[in-house]
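In the two complexes below, subunit A is the common chain; its partner is subunit B in one and subunit C in the other.
Then we have the complex of A and B:
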């Protein structure tokens, strides 16, 4: 009993004699998180600075000098001027953009349709739900190999098409320069629609039910409710979902590389595949650093834009 | 405007019966409160009137029109939700304009109607405010306005005051009652708060466990409860009920309350009705009508609650507990014995077996 009273009075004393000002609290917080901050700074800032440094040199691991001595091979921004004139780079960038412009909207629309379907109850929902999420859990390299097998000219895809059409179909999906990119995009849509579905479903079930009922009572039909209530309420989450997929899709690599290796020729060579080839085959690391930096800048612009839109959506829900 | 007729309305959710054969007539322009504890079926009844749920059996008619199969968007009912269900991502103007807009009204027409309704509800200065930062009384007005703009024949209100703090409820009640006078629509108001029902409603339908217990004006259900449930539920605190056995005495019919002694004789009309009851009865009287007397029921004081304007004295205990409410402080303290007597005219008697009121009522 007396011990308890003592503790209480001590606490009271403490509170009276040492008022924690917000300033003091902030300083203490800073000191406590300092080690973690230094670590984060090191692992994010250091590679960035190193990359920036190497990108203005001709350095490569075979050049015989340590990367810190790369200044000896200073090439006065030649990597960047080369990049501007590198048609293989620009066509890879264009291809990446095409993949993104097809895949992300397709994944979004499919995901939204599925989420709308799953927002209501129907028999077997839980089983379908599990099946639907499975592609997301497959290791991308495995998915790549799976689609590699599916799209073989004697593979299941052609087999199914033959049965439907009634005549033998032998499309060389992965070795036709026009079709290879389509096959790659199908694989990406298969694998990443579930993620979109999952995020959008979370947003959809968060739409207040009574507001939906109120809209119904006021005479809004299903489509009007979707446009006037559901979409505005989901705005923030839609921006998040799109931003995640745009950034991820821009870096598309593993599935694609296993399916086509960027080929035939350069028909499916996206920016990541191009960087990989320059790094491992041509070994010009200074140039690689320059490409990677250029892409980082592009993606940063996307991210900043998305975050601005999100802040706006939250501030003035239209 | 429209009257509402509920005929043999039944609602079952699987094995659970939420509503057992409800019959209720709500007159055109009437303010009807559905009152009862949670789970009594009042919200289920309202949801069926609104068309959010289909009755398991029975019929709902608006005037002459049978509502079976009419979707909720076409019933012409205004619905005010418990939390108002205001579209928080829109402005007040967009909220008010929602109904006409969804039905494709012309822009000029919408503007005119929104202007008129906003004027009536004193929302004009707030039209361009975002709806997510409004106080509750404004939200209530927006919710009513949003429904009223559709000129519904029937207004349904689902416990609209339950999220409002106690101090503000009185203001909201007054406002709501005024709005009803303005619109003159048939209103059905669901609540578990008897104060709301008593102050606003023309008539009250008291419900419990899916059964309609009594329908009547606030004073009818207060003064002449149809059964034990209504007697206990209406009033704060509820009616005192003491178990006893009718007995003849030289002064007339009295109730023998066992250890508490016998009651004063019952009035003649009530006495003749009570004589017809076989078995025990419940002797009931309102705590507010108890007076201290020379002769009457002698009971020990077990607890005294002083709440300012009123004093609630708890007398006796367990089976024979009685509460007495006095306007002013009384000189009673725990341990003392009080002699209380309800005026003969305010005594109500219930059949202990059936729970139903006995007598002229």
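Then we have the complex of A and C:
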């Protein structure tokens, strides 16, 4: 009896929803996605062509001709050959890589360690969790200012060091080339470890508990359980977390620029800071366009490769 | 799983250490915001961790009251930058959420705009610095430089990926029985979307909007490039609060930093449940 009514109502549904208006859905879908499509096109296609055009000229906003007339200043790809020989560009790129290679693993390991501590329930968990997440919600420019104050030679960091060591410490963190880079990286790690913690904890909670119990009964210790059960289950999540931080860390600007302005000299000049300085101080926009395009092309290749790898990883169940 | 006592001790010790590292920078700024000028830059043994004479003068100063100890007055108070930050972040959120929600629904229900998920992730991938030259030229052409509307427009585009992906996962998760029932009743698909789906999704919409707002409010680089004087936002204005005459206006900057930092922290805690989903483009749910 119930089976019969079920089939009838299913038939009814199909009859009313599908054939009544075959392309009403498609038309509405097109109209709903149109604004987003326009915005994407507005920020990608036209700017890209403009960038490509300007990048083969010496055009600058001070050159007195409109950008559409930039062809008058055609310089036959000199920007690109200059870029290949621009040591300041390459050292900025190298510095960006160093920052990334220190910060992302540090954030990952600290985040993972914290996440394992939060994997099961304990008194006070919720409040600790909320407080530990706070740094990632602080406006990055404000975080930059916080660390600018902390690392002053008469500031709290030196005060704490003085108390620990028992002698007055007056390190000029932000005006020493090596220490400035370290200070900047500490600020990044402070701000973004919570993000790793948040994502990795979400993944850790998803590890099935019965498997862990079974492994314990079979005599596996905590480390063995972690390596053989937890890590494989979290593989995709770990890749996502690392990918997000690598992408964001490559763009590092706000905290760093407020703390050091890229200095002393060029000691903390990362790729974003370098482009910013060429854009606003040297004002050679033709050259900036060439740098930006070169970065966009390299990043696109990396992105396509990474997405192919991730799609492959998804096909093979972890 | 039952844990041993030494483990519990270790856990609390480690968490307390992490809490200390997390809180010291924040508390230092809070403390600085309430310090009178005499305690700003004390060095060595004079360094005061907590204001000895707490005062609100830093807050009054950024809103234009002259400070007798400082002998400087601001030629432009913090009021307009706060307004600029608010207007650009709010309208940027409106743009991102309207375009993103509509597109997410179009893709989730009708399969339209198959290119959008990837295109929007790519948009997020590129450093804003690498597309700012054309944007600055276009904005100059449209007379949008140094206006809150110009900032709102670029914010709306920059945060569109988050709005789209968040809403897409919310729509994908939503049971379709109610929508189907309404269709059977004879509602048009547009009416189903505006009268049934959107009201049902009020809570997820609010969370996504808060998430996008936090991102817009947190911007520094774009405002630094697109605003110069009239409509500078809080972080840009904050950086200008130092001069050769006064040096760093520590207390005033800290007061302003506190004003800028409080709203996103409160909002972030309010939408904690959805943070993972938002940050991972819906790849992960909590």
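Operating definition for what follows: the second predicted complex is superposed on the first by the 275 of 318 C-alpha atoms of A that agree within 3 Å, B and C clash if a C-alpha of one lies under 4 Å from a C-alpha of the other, contacts with A are read in each partner's own complex, and residues count from 1 in each chain.
The working rule: contacts are C-beta pairs under 8 Å (C-beta built on N, C-alpha and C of every residue); 3 or more make two chains touch, one makes a residue touch a chain.
All values reported here derive from a predicted model rather than from experimental measurement.
> Putting subunit B and subunit C onto subunit A via the overlay, clash or fit?
In the superposition, subunit B and subunit C stay clear of each other.
> Considering only the touch criterion stated at the top, classify A:88 as touching first (subunit B), second (subunit C), both, or neither.
Neither partner.
> Residues of subunit A touched by subunit B versus by subunit C: which partner has the larger set?
C
> With subunit A at the apex, figure out the C-alpha centre angle toward subunit B and subunit C and round it to a multiple of 10 degrees.
90
> According to the stated criteria, A:232 is in contact with first (subunit B), second (subunit C), both, or neither; which is it?
first
> Per the contact definition in the header, classify A:211: touching subunit B only (first), subunit C only (second), both, or neither.
first
> Give one of first, second, both or neither to describe whether A:308 is in contact with subunit B, with subunit C, with both, or with none.
Neither partner.
> For A:170 in the superposed arrangement: first (subunit B), second (subunit C), both or neither?
A:170 contacts subunit C only, not subunit B.
> Once the structures are superposed on A, label A:219 by its partner contacts, choosing first (subunit B), second (subunit C), both or neither.
In the superposition, A:219 contacts subunit B only.
> Using the superposition on chain A described above, determine whether A:251 touches subunit B (first), subunit C (second), both, or neither.
In the superposed model, A:251 contacts subunit C only, not subunit B.
> So if I take every C-alpha atom in subunit B and every one in subunit C after superposing, what is the smallest distance between them in Å?
In the combined three-chain model, subunit B comes within 8 Å of subunit C at the C-alpha level.
> Where on subunit A do the contacts from subunit B and from subunit C line up?
213, 216
> Quick check: in the complex, which residue numbers of subunit A touch subunit C?
Its residues touching subunit C are 12-13, 16-17, 21, 24-26, 28-33, 35-37, 39-40, 42-44, 46-48, 50-51, 54, 67, 113-114, 117, 120, 122, 128, 130-143, 145-147, 149-150, 152-156, 159, 162, 168, 170, 190, 194-195, 198-199, 202-203, 205, 209, 212-213, 216, 237, 240-241, 244, 247, 250-251, 253-254, 257-258, 271-272, 275-276, 279-280, 285, 288-289, 291-293, 295-296, 299-300, 303, 307.
> Using the touch definition from the top, list the residues of subunit A that touch subunit B in their complex.
Per the touch definition, subunit A meets subunit B at residues 208, 210-211, 213-221, 224, 228-229, 232-233, 316-318.
> Can you name the residues of subunit B that touch subunit A in the complex?
Those residues of subunit B that touch subunit A are 50, 52, 72-74, 77-79, 81-83, 85-89, 98-99, 102-103, 130, 132, 146-147, 150.
> Tell me, which parts of subunit C touch subunit A in their complex?
1, 3, 8, 11, 14-15, 18-19, 21-26, 28-29, 32, 41-45, 47, 49, 95, 98-100, 102-103, 105-107, 109-113, 116, 118-120, 122-135, 137-138, 156-157, 160, 164, 180, 183-184, 188-190, 193, 214, 217-218, 220-221, 224-225, 234-235, 238-239, 250, 253-254, 257, 260-261, 264-265, 267-269, 272, 275-276, 279-280, 283-286
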